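Got some structures for you, see below.
You will see chain A twice below: alongside chain B first, and alongside chain C after that.
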Partner chain A sequence: MKFAWPRTFWRSVFLLVLAAGVYATWIRITGGLGASTHLSDEFPWGLWIGFDVLCGVGLAAGGFTLAAGVHIFNIRRYEPIVRPAILTAFLGYLLVIVALLYDLGRPERIWHPLVMWNPRSVMFEVAWCVTLYTTVLFFEVFPLVLERLGHRRPLAWMHRAMIPLVVAGVILSTLHQSSLGSLYLIVPEKLHPLWYTPWLPLLFFVSAISVGLAMTIFESWHSSKAFGHQLELPLLAGLGRLLAVVLLIYLTLRFRDLERRGVLGQAVEPAPETWLFWLEIGLTALPMFLLFRASTRRRPRSLYWCAVMVIFGFVAHRLNVSVTGMEAASGATYFPKWTEISVTLAIVALGFAAFRLAAKYLPVFEPAREAAEGPARPEVALAAAD
Partner chain B sequence: MTVLLVLLTFLTFIVIDYLMSRRRLAVEVASTQPARDLEVAFVEGFRVPRELRYHPGHTWVLRERKNLVRVGIDEFAAALMGKITRMELPRPGLWVRQGQKIFSFYRDGEKAEMVSPTEGEVVEVNTEALKEPALLRKDPYGSGWLLLIHAPDDETVSRNLVPRQLVREWMREAVERLYLRQPRLAGAVAADGGRPVEDLFAALPGESWTKLTQEFFLT
Partner chain C sequence: MSLAVLFDSTRCVGCRECERACAQKWGLPYDERVAAEEKLSERKLTAVVTRGEVYSRRMCMHCLDPACASVCPVAALQKTPSGPVVYDEGRCMGCRYCMLACPFRVPVYEWSRPSPRVKKCNLCQERLLAGKPTACSEACPTGATVTGRREELIQEARRRIAAAPNDYWHGIYGLREAGGTAVLMLASVPPAQLGLPADLPQEPLPALTWRALSVVPDVVGIGSILLGSIYWITHRREEVAAAEGRREPRRATEDKRS
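Let's look at the complex of A and B:
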């Protein structure tokens, strides 16, 4: 009991954050967006879209990245870390939807895009893709429940459907990860030149792959500590090397784009945007250089801090696109209200708590039991009987 | 400034969590004592404490507390290597895998390697043993320990160690295999009441130190 206080500390923090989030939710429901946010007609998208949605969807990208690697490209050695990554993705998408409910002026109409089609709208595509991908993730996570309950026959059916599901998930993810960037293609005059680019969809997609890998390392580190599981360091080191390559591609694209559009000079002008631009670049470039070194990848702590930097660099980019880059043109200065911060923190805290509960009651860290386990034995028995 | 707010908020949480786990580990490491009374059993004259778990490559692991283990080499390995002049150990922070070659020992320009009996992150290295390699032979289960390792899943890795009920048989087989190479050694052991000589290798003329250790340490 001597060392129980860190757990008690985090439980207290969780309860405090949750209490503040519940109160903020009450203000949001009773007072509307005006009472609960610092948003305005000039600045309609703030923390809830910039962080909860844009970052949330990206941070959940580890699911499709690893599922594609293992199930489509058949890199089976990464199988032990697929399940936690898919669970993280599923919870991440659920929480993105919850966050969206806060930001919508009429949250009860969230289902409208599904029946009132506007195929020319990027947001329509994002709404459909997120809905479908969350459904796909549900079916990818559901085998854990079946395994836990010991239902082998439906588990075998689910396993047979896994490859089509994974393919659908990868296609849907590719579509909407990039489409989130496409949302900002309609504001070329409003978004700062350091961030506005026709390549935004491509940059959003590549950065989603990088942060998906980083989140897998981040989640594995914390799971190892929290649940006493072995850290799959050789696998994570492999992910670290891949991450370095993806970051190199991302940075090459980023600077090639700035140079192509002739706005590289704006990156040295003394302005708040410049500082935040270099913060974003620094948080991407530094871990890239470090991860190219084998000695960094061999040390779990170094690998972990590199993953943290990549995540922070990604968050900085998404918030620079959605908030920093929009401020100057809108003429408004935006800083989130305490209620916005509380709701965001509560959503993140709920994500951690849900993951912990799922890891406690579901076989998240166990290797996938071959669905054939059930039917395979009778087949062997029959063959023997023949 | 929203960017800074978000990054600093999450950085605060992450740093607090990191420092708390570091502090907890540091307290746990500081509260462990390398020298303790181990219930000693003898197999063919070699000490084989019962509390320890052994890797077939002649390294041992002692569970200090949950997820924290102490690691060293057994007396058979220490006697076989004899007068080593220098050794290399993995640095703190490095992740080692069970069965991975992590210890290097040097004698007369030759090198011997030994494997890790467990998997985890090295949190402390016995600098005294590094300075004075003779400690390994003098007190392999006490002041001659080599590493403290944070092993998140020490239960799983312990399944690959020599089962407790087979330790005596395993050690006896290793000793007999060595004595078959030089029967004189058995006599040397018996000379002082059954304890092995300080330097078993010295009694094996014509043998290659590296090859001999490779065979017994599974490297």
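Let's look at the complex of A and C:
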């Protein structure tokens, strides 16, 4: 029992994080936003929006990216990893909604945008996208439950609705990922010029695709460790190749935008923003260069660490837009209170736990029933490649 | 009929009667401690700000095309035809996007209340509708704050600058800032010295987000057709194979696990 210790260790960490989260939730409920956050009139949006919502939605982007690739573009060989990606997306969106409940001043009114309309508001678009796409994801995940319970007839019926559902999911995701960037179009004089750009929606969309691919590599690695099945290395190497291209497109857009607006010079000025900017760019450019090398894509461990860097680079960009890039103009300094961090950690931990449970009890790592015939694919064992 | 307020800093003596009248109207406690806080907060919906020898006022500017009203997902904030930008607390879910979006940093939040609301000046909408000036205008002993029609107040402001060109910074703050506001300000110094945001775009801010939002219908329409077409094309080979009654040859890597 070589792994007995780490398992108990992670289990205790999980319980500790959860207990702290419950206490922080108590403070949020009884003391309001004032007692549970460091938000202020000068700095009304903090970690819960910047990380839990903006990054949470982005990290769920693997679902629509892979669904589009397999079901629309018919790139069949990625089918084995569509289901985990869609499950991640569904859980991600549920947790984003949980985070929103913490952040809204009147969480019991979260349904208001569905009946009280203002189509001029980006937040209105965001609210509708969250609602509709979570519904779409539910119908994409639900067949797993039906399969598990052996209900064949509704399964066949749902299978027919799959393509319109996937199309709707891709459209809604495109709108949602980009609209999170559009949220910040209204603050040209508050957001630092290294981050404020009319191209924010485009940058948010492209970076979401990159992090969706990175998350798929990340979770495939972890599931293969946790459940002991083999890593789909040829598939992940293919994703790594695609990821390198998407990162190249992203960085080209990013620098073309800075050059176009004539603010490239600000990237070398001695300011705290400069360091954060280069941290963000470094965490995006380094994995891109590595992923263009075949030797990186062949090794699961290198592939995994590249994915981790892409995820951190993505989080850095979204936090720079939502938090650090807004600080200078706000005249306030914001650093999240422990309760904000604690709730965030608990939400992330719940995400991991929910994925684990779902993967254990639902046919997540099995192909869809209709396509179960055919010979087994040759796979490269994780241990052999390591 | 669009009503507005003109604040002339050169006539302000810093007596804070406007603050007191405003607090009274909203039923907020007003004492020396509150008076000493020279910023907007849930306790104070207008504030007199001392800048050296010069006094300035902070209050909602009641933009002609307000960012706060455009960003509110539930339309809790509305620009009324008579001028005021008003808030309906029954709709608000507390997303605080209005606070982020306001170029003048006006809306404030009741951070400590269990059911918090956004708070901001409503230009005394109820008094304006009754034909009365705002509470702060009525309380001002020196005529530094006056209520009137926006076009007339702009003429009045120009007259004052023309009559005493040496006493004024030559500009009316609020004429074009963020697309123009219903609160207009005159002072002896440039707006930046009053602590007002000086480099705001002259275009209304909602235009910035509208440019992105206006392409949504096209993304839905063209996007659906594009994706549907791609599906149709990429799956054609299988349809042909099925029609000819044969299975498509598969490469080993394209097979699924069983």
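Just so we're on the same page, the second predicted complex is superposed on the first by the 368 of 386 C-alpha atoms of A that agree within 3 Å, B and C clash if a C-alpha of one lies under 4 Å from a C-alpha of the other, contacts with A are read in each partner's own complex, and residues count from 1 in each chain.
Following the convention adopted for this analysis, a contact is a pair of C-beta atoms (placed from the backbone, for glycine too) under 8 Å apart; a residue touches a chain by one contact, two chains touch by 3 or more.
Quick caveat: nothing in here was measured; it's all calculated off a predicted structure.
Once the complexes are laid over each other on chain A, chain B and chain C both fit without any clash. Judged by the touch definition given at the top, the superposed model places A:I72 against chain C, while chain B stays out of reach. By the touch criterion defined above, A:P234 lies against chain B and chain C together after alignment on the C-alpha atoms of chain A. After overlaying the two complexes on the shared chain, residue contacts for A:D41 are found with chain C alone; chain B is out of touch. Of the two partner chains, chain C is the only one that A:S178 touches; chain B does not reach it.
Once chain A of one complex is fitted onto chain A of the other, the partner contacts of A:S210 are absent, as it touches neither chain B nor chain C. After superposition on the shared chain, chain A has more residues touched by C, the comparison being chain B against chain C. In the superposition on chain A, A:T339 makes contact with neither chain B nor chain C.
Superposition on the common chain places the nearest Cα atoms of chain B and chain C 10 Å from each other. Residues common to the contacts of chain A with chain B and with chain C across the two structures: 234. Against chain A, the residues of chain C that register as touching in their complex are 40-41, 67, 70-76, 91-97, 99-101, 103, 105, 107-109, 111-117, 197, 199-201, 205-206, 208-213, 216, 219-220, 223-224, 227-228, 230-231, 234-235, 250, 252-258.
Against chain A, in their complex, chain B makes its touches with residues 1-7, 9-11, 14, 17, 20-21, 24, 27-28, 66-67, 93-95, 97, 119, 121, 152-153, 156-157.
Partner chain B is touched in their complex by these residues of chain A: 3, 6, 9-10, 46-47, 50-51, 224-225, 228-231, 233-234, 272, 276, 279-280, 298-302, 308, 312, 315-316, 319-320, 323-324, 334-336, 341, 345. Looking at the complex, you find that chain A touches chain C at residues 31-35, 39-42, 44-45, 68, 71-74, 76-77, 79-80, 103-107, 109-110, 112-113, 116-127, 163, 167, 170-171, 174-175, 178-179, 182-183, 185-190, 198, 201, 234, 366-367, 371-379.
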